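Inspection log for the structure reproduced underneath, given as structure tokens.
Labels run A, B, C and D following the written order; every chain starts at residue 1.
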Amino acid sequence: MKVIADLCVVPIGVGVSVSKYIAACEKVLEQAGLKIELHAYGTNIEGDWDAVFAAIKRCHQVIHEMGAPRITTTLKFGTRTDRNQTMAEKVESVEQKLNR
Amino acid sequence: MKVIADLCVVPIGVGVSVSKYIAACEKVLEQAGLKIELHAYGTNIEGDWDAVFAAIKRCHQVIHEMGAPRITTTLKFGTRTDRNQTMAEKVESVEQKLNR
Amino acid sequence: MKVIADLCVVPIGVGVSVSKYIAACEKVLEQAGLKIELHAYGTNIEGDWDAVFAAIKRCHQVIHEMGAPRITTTLKFGTRTDRNQTMAEKVESVEQKLNR
Amino acid sequence: MKVIADLCVVPIGVGVSVSKYIAACEKVLEQAGLKIELHAYGTNIEGDWDAVFAAIKRCHQVIHEMGAPRITTTLKFGTRTDRNQTMAEKVESVEQKLNR
């Protein structure tokens, strides 16, 4: 089962600047061979369900190992059986209707 | 690794009433032996990481098998290494400060 | 326009324990006269759109005034034009299908 | 109060293809003069709190007017008082740590 997801990991108890933890999570996702796209409020991920969720688990483990005692994550994810669709196609589908 | 989560599954392409799909997902979570608590905009889940995410995957599978061609889910989840905390304790901690 | 929402406010940069900030937010919502229901990963809110969003803005203001330099919030919210539906009815609708 | 948000609007009861509704929402956000950035699972928005939330309300109104009887939205949003930060700076901050 393929999944497209949007991951937003928030380390708590490490002060106000969290970008180094986010960067560590990006590396985990890349090393997992997933298609990813960083944006201003999270990271889009495309891949096989098990690979995506194994990488997300690894993100939590790595961020805890870096010293964050608490993490709260917001994840959106979608699956569909009617057709295959990539992240790029989702964006294009909206862009077309905007005549961009 | 223990996780507390809040799951909100939205089947798309099956009309405006989605409660039978949510009910099917509740059954999946119960049968997985997880502690769950249904609320008006999702379901709180407490359990071991792998058990929680295996059950969530099964929810998507079951809802697709029921005929929903597309599902979008919003999931919040938290882990902590500083101490063990249950769903009930999270609520109590806020209630106490409200002198309820 | 009526809205049912699920609010999860996360103060950042104030350490690992955040319940006093959540409690302050609960008071804001109560004082706004909204129907609310605290759960283990947020608070369900039911009310008129403008009243709900004014209260959420006030929550951010109050939590900043308490000293939190940064807040990240996850909010789910739903509107419908086909029928009126309360938070309680949303839960009942699923419970019925589970024969509870 | 400035806010950076991530908006994901899901019309329900209009079938499996929802991109025309998302496109209508993009137009609303643009016409409101907000900085926006479409991605594969939502739209990043940067602007003044009141302008951002007025535009989001207008999105729900417009999508209902187009015929969608039900909408469920997931919104993440962040405010900070310690410093001003743009969407671009949030991404750069992570990219730097990845030596991109």
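Definition applied: a residue touches a chain if its C-beta (ideal position, glycine included) is under 8 Å from a C-beta of that chain, and two chains touch if they have at least 3 such contacts.
Keep in mind the model is a prediction, meaning the values are calculated, not measured.
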Which of A-B and B-C has more C-beta pairs touching across its chains: B-C
Over-half contact-pair match to A-D, picked out of the listed pairs B-D, A-C or B-C: B-C
Farthest chain (mean CA position) relative to chain A: C
Inter-centroid spacing, chain D versus chain B (mean Cα positions, whole Å): 25
Whole-Å gap separating chain A and chain B, where each centre is the average of the chain's CA atoms: 19
Centroid distance [mean C-alpha coordinates] between chain C and chain B, Å: 17
Junction residues of chain A, two or more chains touched: 13, 16, 69-70, 72, 74, 76, 78, 80, 82
Chain A contact footprint on chain D (complex, rising order): 4-6, 8, 16, 19-20, 22-23, 26-27, 37-42, 44, 46, 74, 76, 78, 80, 82, 87-88, 90-91, 93-98
Contacting residues of chain A [partner chain C, same complex]: 10, 12-13, 15-16, 18, 69-70, 72, 74
Chain C contact footprint on chain D (complex, rising order): 1, 13, 49, 53, 57, 60-61, 64, 69-82
